[in-house]
Structures are given as structure tokens and as C-alpha cells.
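Next come two complexes built around chain A: one with chain B, the other with chain C.
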Partner chain A sequence: MIPYTIDRRADSGVNNVTLGIWLFIASEVMLFGALFSSYALLRVSAPAWPHGRDVLGVWFGVGNTVVLSVMTALVLRARAVPPAVGRQFLAVGTVLAAVFLVIKGLEWRGEIAEGLVPSLNTFFAMYFTLTGLHALHVACGIVANVWVLLGASRVPDGMTSGRIRAVALYWTFVDVVWLTLFLLFYLT
Partner chain B sequence: MTLAPRRVAAAATVAWLVVPAALAACPVCFQVEDGPAADGVRVAVLVLMGVATGVLAGFAVFIARFVRRSQ
Partner chain C sequence: MRIISTDHKVIGLQYLLTSLVFLLLGFVFILLIRWQLAYPSQPIPLIGAFLGESNVTQGVMLPEFYTQLSAMHGTVMVFLAIVPFAVGAFGNYLVPLMIGAPDMAFPRLNALSYWLYLAGGLVMVAGFFLPGGAASSGWTSYPPLADLAQAGQTAWLVGMFLLILSSLVGSINMITTIVQLRAPGLTMMRLPFFVWAQLVTSFLLLLAFPPLQAAAVLQLMDRLAGTSFFLPSGLVVSGEALHVSGGGSPILWQHLFWFLAHPEVYVLILPALGIVAEVIANATRKPLWGYRAMVGSALFIGFMSFLVWAHHMFLTGMGPTMSAFFQVTTMIISIPSVVIISSLLLSLYGGSIRFTVPALFALAFLPMFGIGGLTGLPLGLAATDIPLHDTYYVVGHFHYIVAPGTLFALFAGIYYWFPKVTGRTMNSVLGQLHFWGSLAGMNGIFLPMLIEGLAGVNRRLYDGGRTYTYTAPVIHLYSGQWWATVLLGAVQLCFVANLVWSLARGKRVSQNPWDATTLEWTTTSPPPHENFPSTPRVHRGPYDYSPNNAAADFLPQSQP
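Now for the complex of A and B:
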């Protein structure tokens, strides 16, 4: 059994939590990498590919980009401040992540109401698959944030700081994926 | 080489001589005319190789760092 320590290991230079979250992110990169590869295959081989600006609500995308970027900045900032303040940043960030999901839900509802569903064409099939998987990651991140916040009163501050560092890495990854999706679907 | 691998190798050689097309890779990469489908596959393979290379490079950097710190 791997002991739960918050100290950096002398051999690796990182603690077990950081190493674990990096390994998890590596597996997530491969998951999204496979889907981006599928996107490239379908887009390049498609006889026609709609322009995102014409069929999607770009302002929904812009709004979500701003919300998620601010959220990520807050969580990254939470690593560098005392744990009590860091928890407040994390709480505000969690609310912003929920706002992201609400905006995404409103966008999907409008698109589905207009008949823009996955079965319409490969563009919307990939759009709903990738943004849906990303939204699932946002929802899981919210659960992780709540777990960190609720557990903060029961564990030492050092442990909470380690958890905040771990979720900050995760949210950075989620933000980078969203920026890529925004570029691929809304701007090109 | 034990008997079973020898038999497999012999069977593969015979199959390669008798029905070479059946052993070729899928026609998406071989024996296909250039077109959007072939271009799409090439781009997709490049994207996937880029992602995999990036992840493996990350592992290599970490292992190198691990070795350096242990010395």
C-alpha cells in the first residue's frame, strides 16, 4: 500500500498526490487524443464541413471560455495562498464551473430545439461527443472540488494544500481541452 | 524456437506466398487512391502520433529526472 504522505519524495522530486494526478492526466490526454484524431479523420475526409460560426452560438462559446479561464486562474491562485484563503478561491471556482455547465446546457437545449442533433451530420456528432465528454469532466471536477472543500475541516492544512494542487492541475488540463474545442468547433 | 512458433512461422510464410493480398495491411493505407479519405487517415495518424509522442516524451523527461536525482 502506498502511504499517504504530503512530503516531496527525494527520488522523484514530487509527492505521491502530484505524481498520481500527472499519471491520471497522461491517461486523459490519450483519451482526448484519440477523439481529436477521430475529429481530424472525419473533418479532412468530409466532402463538406459546416463553419462553426454559422451553426453554433459563438457567444455561448466565448462566455464559457471566459468563465472556465477565470475559474482555472482562481484555482491556480488557490495553490499559492494560505489554505483558508485557498478554500475560498476554490469555492468561487466551483461556482464558476457550475455556471459553465449551465451555459453549456442552455446552448445544447437551443441547438437541439433547432434540430441540430448528433444524427444530423458528422460535425454535430463530433461536437456533442467531445463537448459532452468535456462537460462530464467539468462535472467530475466539481465533485472533486466539493470533496476537497468538505474534507478541509477534517484533515491537516498540508493535506488540503496537496489536494488543491492536484485539482488545480486537473482544471488546467480541462481548460486546455476546452480552449482546443473552442478553436476547433467555434472558430474554424 | 520451439515447435509451435515454428509451425506458426511456416504457416504464415506459406500464406504469404499463396495469398499475399490477404496478409497485407488494410486497404486504407495500401492500394488506395489518393483522396479525401486517405488524406483524413494520414492527418488522423499524425495527430495521434503527435499526442502519443508528447505523452511518451513527458514520461521520458520524468524518468530522466528520476535517474538524475537518484545519482
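Now for the complex of A and C:
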């Protein structure tokens, strides 16, 4: 096995998985940072910008905020409990993430039916692109969770808990991005 | 050997072969371009008939095809050839060996990174078979042109998306490997400079590429979902108002693109500096002069490279305040580059240089990179950049950096590490031919470009600017550049022949034929799976050449 897959290396203080996921988050910060910068630039130069609460379904957004935050709390909690319980927390969290996608899909369907499509104006272009990219992150997170759950019976417990710590960090990031989107689109 | 392997050496070789094929493809594009510039409206010899009626009519290249070739030449060379060559091939193969690790930290992600790269490259190049051909809006894909271009641009964007995923996975892997898997005793300041260069490069890939990913997503939305991220209001195309919501900003794309693409320049050059440092230390039989200063400079370059991007955008009307800021940062970033080059130059002083083929390439790198760097200074200052912008001067400048600069370093690396990969050396007569031919050919192409650019010739003209009278004094240079390109191509055939011949017939050598100090030379050639029979232990710095009171003129890092 590759050294430090499970154990921490003394001089860096982390194992490979932890360092890898932090680097990944750093790159994700640059990705969404670029997108939020684009949002700011296009918004300040726009002659008019709709109030999100007037054109979007705020309650969809509130519902999804609750679902994703509970989900993230569960996954964060999964790090601290015994591995068998942690897997159950992760499983419930995965279901909640799927619920998030269902709610988001229903919301999009309603909007598109009303003619609120990306080509309408820059607000909706940004809204669909950013929430779409975020939903893609949720979908990838679900795949990662399932992979951790399926792998749990095949790899040592130490490795599974390392993986749970990694997905917990990822979900925290995904939740923070969602809260930012909720603020930028629904509440302003 | 399995095709899908997680061994870093196999993946490194896969990267090498694939990037060499793309390098050749990018070169074929340029052969066609240089023919067109030298002999416009004359039929392309030999292959003109096979390029498709929509591209070439009666052997003569059409303007649309010319723009596709120039856009794809840049794209293929930067994203599909040089970066995977420098980082994917050299980084993957050598870094674990140089740090005494059994493999990369995440072997499966490593394989994923290669296959994403291959898929991205194929998707991009497949654009040539779409209606309207491949991407034709330049390697920079500036909107609004790119937003409105043919389907090939969508292939370019999808391909770019895959490539960025590939480099993301690869860079996470590389950084984690260097931080976590160094052998006992191999402290950071005992790392070979090559490894430092790969580390900084990986940070650039990790942090600079995502904004282009964001930009690619936005441009894909513009093209596929009808949004207007990069389309301003009131755009008129072919005499008709464009029916889009408008309100977008083409300049936004330029910011996002160059936020990647300037660090990308250092992605192209840092691994090359790493290779040259290894080869020069070995050829001079001396420790590198100023190793610590070089490491510091590489780190400083990495940091500063995020603060210079808008010097590509002096003509966008961003105003003197912004220009002043980016001019200052641009002048600052030239300092660490000069520190590294000066250190390498000073390393030669008092050395008893072994003029092997890799050493020739590495030595030629220094003045060539010097020309490339110095010709860049006028482009970093707005006052001189404005008249030079978009001329052949710019093309000459960055090709001096990337072709006889980076490519020479990569060739040096191939000749230098070939014995490690195969247990055989490459033929030095063919190697010398390759070196001198490439040196003459590249200078024959790029030096005239500087002259043409100073005469004001625009870099994007299908006929090379023959319709303008001001180009008359320099137009005759094109035919010389064509013959230099032919020479360059011919000697690359020597290189390919040398590779193939040496694989089968090259002279068998010991595991350390260059009497080198770094860890990769302490294992067999080729190294076994998991690289070392037992984990090596490191006792000294990377360049212990000609030590005092020692029997040999070098001490390997693993020697107590």
C-alpha cells in the first residue's frame, strides 16, 4: 500500500486523503470565486437587476437550505461517532442530498414552464448556471457517498473514516456555496 | 503491459507518447500555415489533395481552414503537447523516483488524469470533422467571435473542460506525493530543483485552471443555452441585430482566460527550468550555484504569476491606473526568472563541462530563453506594447520561450533520462544532428518574426499581409521561414528514428550512466514496479558533485 494512506505523516501532520481533499477544496474555491466575481461584475454593470424574492420561489430555496444544512450536519457528525453508526448517518445524509436535487428539479421545471429560462436575462443566466453547477456538485457528492458506503465493507475501518472525513469537508463546502447562492439569488 | 495501468511509470510513458503525437500534429498544422504564408494561393504540395474540399480547394488553403489551423496549433501545442509532456510525462515518471516513493499518492486518480487528458484532446481535435471545422477563434477563444463560431468551438470547450479536470486531478496528486511520500531524510531543501519546479507548477495548475473552467462553462452556456455572459447589448452580426438578451462582457472572458493563461506560461517554463537545472548540474560536475535562491525564486514566480494577467489586455481600455499596476507586477516577476537563469549561467563557471547531447540542449536553452525573456520586456510595458500588440513580434517572443526554450529542455530531458527508462542510451550522432538542426531551424523561424513584428505585420493575416504596402520590406522573409520549418521537421525525423532505433539497438548502459547523484539513478533501469527494492534513505543534498576528499567525483543522495 502507498505510505500514509491511513496514518498521518509526522512532518506534515496529515494523511494523503486529508491533504488531497484540502487541495481539491482550494481549487473549488478558485472555481466558484471566479463565478462569483463574474456575477459581481455583470450585476454591477447591469442597468436593471430583478429582486430574487419576486421572481424565484423563496420557499423552495428555504426548503433546500434546511435540507442541505441538516445533511451537512449529519455528515459532519458521522466523523465523530463509531464507524458503523457513521455509515448510517452518511446513508441518511445521502438520501437528503437526493431530496435536495428533487426539490431543485421541481423548482427549475416550474420556472422553465413559466418562461423563466437562461436566455431571458443575465439574472436567470447566472441563476441557472450557478445553481446547475452546484447541483452537479451535489450529484457528484452523492456518487462519492455511495462509493464510500459500498467500499466500507472492503477496506479497513481506518480508511473508511478517512474517506468520511474527506466527504464531510466536501459537503461543508457544497453547503457554504449553497448558502451563498441562496443569499445572492433568493434574498437580495 | 496493461493499457489501463496505475503504475506511475506506465502512465508517464502514456503521457509521453500521447503528447509527442500531439506535438507532431501541432507541427503539421504549422507546416501548412507556413506554406500558406510563404506561397499564398499556391497548391499545397503532396498532401493538399487529402485535406477535404471544404478546407482546401484545388490544393489551395481556404481562409476558414487557415484560422482553424492557427487556433488549433496554439491549443494543441500548449494544452495537449507541452504541458502534458512537461508535467504529465516528466512529472509522473520522475517525481516518485526522485523522492524515493513507490508510486504517486493516488495511483488510480493518476490513471484517471491520463484518460481524461486523452479524451479531452480527442474531443478537441475531433472538431475538424464537424461541419464548419475545428475551433477557429484563436487559442484564446475570445468572444463575441467564439460565442458565435461554428460547432468546433463547442468541441474545444468540452475538450477544455475535460483537460482541466485532468490537470486538477493530476496536480492534487503531484502536490500530495511531494509533500507526503518523500523518503526518510529527504527534507524539502534536499529536493532536486526539478521536484521543486514540479511542485510550484502543480500549484499553478491547481489554482489557475479553475477560473478557465468557470469561463468555459459560461461560454458553453452562451453557445448552447442562449445566455449572454460574454455578449454585449446591441451586437450586430452580418448586418443584422443579434437576438440575445445582451448585457454581457467580452472583457470578462479575457480576464478569466488570462487569469489562467499567464500562470500557464510558468506552467510551461518551470518544469523546463527544472530539467535544465538537473542536466547542467550533472554536466558541469558541480553543485548548482544558488540552489536556495533558485527555490525561493520559483516560489516567488508561482505567487507573482497570479498578479500579472492583465498585461495581455493593455488594449482593452482598462485605463492607466490598472495598466500601471500590471506593468509594475510584470517587471517584478522578471526578477526571479533572471535570478534562476543567472544561477544556471553561473553554475557553468569553472565547470569541466561534459558536452553530451542533453547538455547541448540544456546549454542552448539558456540564451534562447534569454532572448525570449528580454523580448518580453517591451511587451510588459503599455507604451511599447500598444504598437507591438498582435504583431509577429509577440509570436516571436513567446515562441522563443516555448520552442527553443521549453522544448529544448524537454528534449534534453528525453536524452538524459532515456537510459533510466530503457537501460540503453540514445545515439549521439543522430542526437547532435537533431540538436544543431533544431537550433538552426527554430532561429530561422522565430528571429524573422521579431523583424516582421517590428515592421508592424499583424499576426493573424491569411496572406501574411501582402495586401498592405507597409509589409513590403519584410515579406520576402516568409520563404526563408518556410525552409527553416522544413529543416526543423526533417531533424525531428532524426529524433523519432533515434528513439525507435535506440529502444531496440541503443548501447546498453549501467543504472547510472551519467554518474548522477539523485535517487532515480540508484535503482535499476527500467525501475521495477514500486521503484525501489527497499525504501531509500537520504543523507545529503541533491547536487553533491566533486566533493572534497572523496574517491569519486559525485556522492549519491543515498550515500551515508
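Criterion: the second predicted complex is superposed on the first by the 184 of 188 C-alpha atoms of A that agree within 3 Å, B and C clash if a C-alpha of one lies under 4 Å from a C-alpha of the other, contacts with A are read in each partner's own complex, and residues count from 1 in each chain.
Keep this in mind: contacts are C-beta pairs under 8 Å (C-beta built on N, C-alpha and C of every residue); 3 or more make two chains touch, one makes a residue touch a chain.
Just so it is clear, the structure is predicted and the values come from calculations on it, not from any experiment.
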Which partner chains sit in contact with A:26 here, chain B, chain C, both or neither? Use first/second/both/neither.
both
Of the two partners chain B and chain C, more of chain A gets touched by chain C
Per the contact definition in the header, classify A:44: touching chain B only (first), chain C only (second), both, or neither.
first
Could you look at A:10 and tell me whether it touches chain B, chain C, both or neither (first, second, both, neither)?
first
Which holds for A:80: it touches chain B only (first), chain C only (second), both, or neither?
neither
A:106 contacts which: chain B (first), chain C (second), both, neither?
neither
With the two structures laid over each other on chain A, which partner does A:34 touch: chain B (first), chain C (second), both, or neither?
both
Interface residues of chain A shared by chain B and chain C, listed 12, 26, 30, 33-34, 38, 41-42, 45-47
Within the complex, chain C is touched by chain A residues 2-4, 9, 12, 14-16, 19-20, 23-24, 26-28, 30-35, 38, 41-42, 45-47, 117-122, 125, 128-129, 133
Footprint of chain A on chain C - complex, ascending:
101-107, 168, 171-173, 175-176, 179-181, 206-211, 213-215, 217-218, 221, 225-229, 244-245, 247-249, 252, 256, 259
Touch list for chain A against partner chain B, complex:
10-13, 22, 26, 29-30, 33-34, 36-38, 40-47
Hey, which residues of chain B end up touching chain A in the complex?
36-37, 39-41, 43-48, 51-52, 54-55, 58-59, 62, 65-66, 69-70
